[in-house]
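Chain nomenclature is as follows: A, B, C and D, assigned in order of appearance, with residue numbering initiated at 1 for each chain independently.
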Amino acid sequence: MPVPASETIEAQGHLIDSGYLSAIMDKVIELNSNYEIVRFDIGRTNDEVSSLEMRLTAPSDAVLADLLQELTVFGCHAVRESDAITRPAEKDRCVADDFYSTTNHRTHVRLGAQWVEVQHQRMDAVIVVAGNKAECRKLRDVRAGEMVVCGHDGIRVTPEFRERDRLGFAFMSNDVSSERRVEASVVRIAAMMREVKRNGGRIAVVAGPVVVHTGGAEHFSSLIRGGYVDVVLAGNALAVHDIEYALSGTSLGIDLTAGAPVEQGHRNHMVAINAVNRAGSIRRAVEVGVLRSGVMYECVKHDVEYVLAGSIRDDGPLPDTLMDLVEAQDRYAEALDKNVHLVLMLSSMLHSIGVGNMLPSWVRVVCVDINPAVVTKLSDRGSMQTVGVVTDVGLFLHHLAMRLSAQ
Amino acid sequence: MPVPASETIEAQGHLIDSGYLSAIMDKVIELNSNYEIVRFDIGRTNDEVSSLEMRLTAPSDAVLADLLQELTVFGCHAVRESDAITRPAEKDRCVADDFYSTTNHRTHVRLGAQWVEVQHQRMDAVIVVAGNKAECRKLRDVRAGEMVVCGHDGIRVTPEFRERDRLGFAFMSNDVSSERRVEASVVRIAAMMREVKRNGGRIAVVAGPVVVHTGGAEHFSSLIRGGYVDVVLAGNALAVHDIEYALSGTSLGIDLTAGAPVEQGHRNHMVAINAVNRAGSIRRAVEVGVLRSGVMYECVKHDVEYVLAGSIRDDGPLPDTLMDLVEAQDRYAEALDKNVHLVLMLSSMLHSIGVGNMLPSWVRVVCVDINPAVVTKLSDRGSMQTVGVVTDVGLFLHHLAMRLSAQ
Amino acid sequence: MPVPASETIEAQGHLIDSGYLSAIMDKVIELNSNYEIVRFDIGRTNDEVSSLEMRLTAPSDAVLADLLQELTVFGCHAVRESDAITRPAEKDRCVADDFYSTTNHRTHVRLGAQWVEVQHQRMDAVIVVAGNKAECRKLRDVRAGEMVVCGHDGIRVTPEFRERDRLGFAFMSNDVSSERRVEASVVRIAAMMREVKRNGGRIAVVAGPVVVHTGGAEHFSSLIRGGYVDVVLAGNALAVHDIEYALSGTSLGIDLTAGAPVEQGHRNHMVAINAVNRAGSIRRAVEVGVLRSGVMYECVKHDVEYVLAGSIRDDGPLPDTLMDLVEAQDRYAEALDKNVHLVLMLSSMLHSIGVGNMLPSWVRVVCVDINPAVVTKLSDRGSMQTVGVVTDVGLFLHHLAMRLSAQ
Amino acid sequence: MPVPASETIEAQGHLIDSGYLSAIMDKVIELNSNYEIVRFDIGRTNDEVSSLEMRLTAPSDAVLADLLQELTVFGCHAVRESDAITRPAEKDRCVADDFYSTTNHRTHVRLGAQWVEVQHQRMDAVIVVAGNKAECRKLRDVRAGEMVVCGHDGIRVTPEFRERDRLGFAFMSNDVSSERRVEASVVRIAAMMREVKRNGGRIAVVAGPVVVHTGGAEHFSSLIRGGYVDVVLAGNALAVHDIEYALSGTSLGIDLTAGAPVEQGHRNHMVAINAVNRAGSIRRAVEVGVLRSGVMYECVKHDVEYVLAGSIRDDGPLPDTLMDLVEAQDRYAEALDKNVHLVLMLSSMLHSIGVGNMLPSWVRVVCVDINPAVVTKLSDRGSMQTVGVVTDVGLFLHHLAMRLSAQ
């Protein structure tokens, strides 16, 4: 019969504003455990952080272990310090059952009595330790014998706290609704983009074909020409539709200055793919003069990196599209790892979730979609870091481009 | 035991392009009846109409009667001519069971061997005959003893046919999707509005408070100043939010240049109502200088008629709001009856359905909403006459106002 | 030039779990003011409440007054006690500019050094004082000379705190998503309904016509027969569609065991209205045997109160429908005031918002709609009291009726 | 300067009911061309087909060629017979610019004066001819020198016509709305599934993880046990969530009998992947007794083929997931090619579009999603063959399983 188990934990930070103190308590109760506040020093003013010491009592050692691991995400750690426990992976892609599953927050592990920052932070990974180094690794990339952090000892997570006074970001992110004035959001997003560039950061744009369907291609192109886009992460469809539009003036067979969809066929779509196939690649299509405008054209012309990931629904695909998804994920992750400070996610739930999974929590995300459910879903995965805007993405890009090209 | 019954009907018009020929056949089969095409002369070119003669056989007289009545909407009528049958209303608001229920299409009834056009055409009404006059009447307005058209004899409906060559309208109306380039729709809608004004027609705008929340109030105001709005049909909420914005710069407590919603209270909202109550009416609030901007202000300044209908959710209401819905419906209907050629429906399903119920089928409707289900629902009620645009209504108004003020 | 102004406030309760402490801080910063925590005693265990004392400094007296009023919703009040300030209404429907705008939380005002509970609590009202009594009053019902509470002195609000351990409710209410297992929600809602009835409380159901379209009428009827419905608050459309279905087997002209919508006409709909008009009322239609099944039939048979509010989109309306919306709002409010503990809102945004506006915060609300945006919108208006379920309302009612009839 | 060009075409079939005659006329006008009806014999009764002969005049040869190709989808072909034109692919993946782009309808090409049926019909492919055989080929699979059909000569498409009397299917497919009684649809879909099995056809199910989140896994399992599922086409996520649920009782960290989502972590999710990795494959996990219930378990136990396609958002992935999307597409297509008569698409837009692209038009499709926009999008791609149901997919599966297990 299990006997109750206890541990004293501590945490520091903007515990109130972030809602973390409340979340900690919820989690304790949810796991049928109890807490007693040993000490809580609240920040007296807006600038001061709070500090918490709390005694947990769980119904069993196993539950306590679960609880402690789950509380790491809020910055909680045992008062009692000890090194992280590591166990060798029993085979490729397979680790011990009590492996520590990472969050997207900055994490340190204690190795040989030293706190070491984990590299390549991302969520749903494990931490592999080698010597005095530690890094996030996807399960599939773990090799037999590698040392993997297990349990909850010696792990400290430093969550990003929602900062109350950074109104530009914090206040926008509170809710998702189509009943908002988009122009106000555009002003703030433009300011954020300028600030990122001023600070030497990079901006990634994740975009779906709806950007083209809604007439956003020319405005997206204008952002690229203005130097506001450093990397484009998309699928085959964005590129095909963009090139179809550049070659034929249509998107999915719809004339963008007019009309109706065409159920039967997407010949222009196929023509675009054929044309790129003939040239050999998108870059070559630009070089030989076949492709003369559009998002992909501007990427080539302005040396903007792009990664096109394949999917089960792809026509073609274009020769540039990576149909090996392991490679595509790796290429996405590498591109994001190169000092990307801000990601704009435009009407592509699939690629946006993919990117969201790869990002550490300190990269800002702006998510734009006309479907509030998509924005909610993306925001829920990282509510502290994500601003959601529910609007028409074509018109949004139009206004953003106007704002950024103004002065 | 019922015996089969037959009748020969005819119809004329763009029966193919409108999809009516197909719909006629569907309806016959749906009512377990059969048809035989006696004659079908197809228009040889795009300009010529088609002409149909069809023999129907139904399983019983009752079904045949139903079928004939249901087919009137497609312009079908018995070859054999006879006067309309009328029966006196047995009491106020109550008519004989076989009453003819109107469509929104132009309708003639045969009285004393003369075809007479029915006045005040609208759907879901009955036709009351007095002397050689006939008019649509809502059930609630029928008085005991009035003569009401029953059955299907002597009734001819002339449906509006979707005209193939009027691309500006017809081609836009085919589908509802958020994946469209709104700028293309704006160009056409602006052209349509100019044409209506040039021809001396009036334009009605049905608008919900989302117009204000999304920042559309100033652009809507610009349309009014430009002379593109002749009547505003709305609810209490549009006016309250518009006035709240004019007085406080907020909409539902949200600062439109910034931030977050405020769950607890809508004090600014109440302040706006209180201010109008103090003045006595919206018009008085303008006259005494309390209200100096916004949609309602412009309506007063430019003598644009407005009708505000109350609802169960209303705060206040403003003194101008009609809380007697019978009166509100009558005032809406009167306003629409005065030569309105075009109705713009902006983010208000409730009032849009209300207006849609009152309109004859030859009034054009443009329906704008960010929720595709709303646009679909409104379009389904009159697909021939309605153009649907799925987009952010604030940005839509911005672009429409820019387009209309250009040149 | 304004000079800074200060005040010390206090609050007590589950300030952490409810998120109120964080919200208080946000509000202070939002109004360009500062706070200093004088004292914060955190509840040491889950059962203990927290207690806060905080010194506020605002840039001016006016801002301080606003801030204090806005903070009342979180249970904050000045440490310094004083009587509420009242001012006479200057005319009917019009009060002094600094009137106190109510929340839906339990409120006390201090009159003659006594704290008095405000009656008929609802939001967006003012508080009228007469002798040692105080009650919420809608602006439109205020008469010249009545004494109205102004400012923020002598007002104490006791918010409902989200209670952490009442998992059945609290944990359901955290998010709105269509990606949930509805059966789990049904189990809890059924338990909640049984508990309400066991405790002698009443259950109100707000329902739109979609209940009928989706096949929910028979299951709703079963809830009524089971004694789980005490009052039905709806519009004309619910009753008309329900009666249409009872008389003709169709809903909006759609055969519920089969097929397609019928654009042109809603004859069965009109027939239903005509039939009730002939009988004189819904009750009479039941008594004379014209109406023999459905939601309205069961209401009459089981003496369930129903209030049908008119709207601008109504056909008919039925003789029972209240087309005077002032009367309809009053009748809704009265019905809710009679010991209603739980409100089920089924697919009717309009009536649900109307009801939500009338409810004090201690009445539980369950909101069911297939559109997540509707559920979010209703939940946002009272997130502590509302459980949202995104699902097909017809199937939901089927499962709820099965669950409640089991055992 | 281009000179006008003419051609006479003919078509046969249910041209009215299918709306094709109208669509043909629209297309001619859209391409700035004219038509003259030479002959139109309308089917006199419901069973007879119509027959059309029409003379087209286009502004140039090029436009005429386009027009003729676009009209093939409606079954139109030149009266004048000639062999199909073929041209060699100039290089791998690249064909002549006037290549014929396929539809999903049954197609014949004329080779050596013989009409030959094209194999592996699918849309957005080209037709490769070898000897007297012809087959659809995706562009990426075309090899240099292969003979590809170009232009529009010698091509005959036989569209599936919506059959008026097959009410079970045709009448359901007319509209997409959440306001329908799902139980009626379930009855028909169950009947369709039984009929397919009776006729020896196979049923494929495309499913997303929402099936698991909404509690549908056990009901889906019941369909498999009942023999109603022959192949499952899904992504990594369905399998991971299903296995997570089988192992831990949660889906995405949500306890399906209770509660709230957990932002930080999806440890159970990772545990499921780790467990399958340890076993080596899903099948092995079943064999060694690690996996004992759920959709994947039943697939293994009942030898139901499954293909899991990778995507950019995948965690893991499971060893069974195909991360090479070319292979995944080929495996999907092969599975569908094996006598699949019916496809059920459940809450997975990505995989459903992928499958839709591969299907010939004579395979029936039922698409179920709670988001009407998804159902509309999928239906628009093949409106004749697709029935859309807007509802909660978990409850839908519950009802479908009940219906199918009932006698």
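Going forward, a residue touches a chain if its C-beta (ideal position, glycine included) is under 8 Å from a C-beta of that chain, and two chains touch if they have at least 3 such contacts.
Quick caveat: nothing in here was measured; it's all calculated off a predicted structure.
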item: Pair sharing more residue contacts (C-beta pairs) when A-D is set against B-D; value: A-D
item: Repeated interface matching A-C, over half of the contact pairs identical, chosen among B-C, A-B or B-D; value: B-D
item: Whole-Å gap separating chain C and chain D, where each centre is the average of the chain's CA atoms; value: 45
item: Chain A and chain D, separation of their C-alpha mean positions in angstrom; value: 32
item: Euclidean distance of C-alpha centroids - chain B vs chain D, Å; value: 37
item: Chain D: positions in contact with at least two other chains; value: 30, 167, 171, 175, 177-178, 259, 261, 371, 373, 380
item: In the complex with chain A, residue positions of chain B that touch it; value: 167, 171-172, 174-175, 177-184, 210, 213-215, 254, 256-261, 370-371, 390-392, 394-396, 398-399
item: Chain D-touching residues of chain B, taken from the complex the two chains share; value: 16-19, 21-22, 25-26, 29-30, 34-37, 40, 42-46, 164-165, 171, 175-178, 372-373, 376-377, 380
item: For the chain D and chain A complex, residues of the former touching the latter; value: 30, 69-70, 73-74, 90-91, 93-95, 97, 99, 101, 103, 123-124, 126, 138-140, 235, 259, 261-267, 269-271, 273-274, 277-278, 309-317, 319, 323-326, 328-329, 332, 350-351, 353-354, 357, 371, 373, 380-383
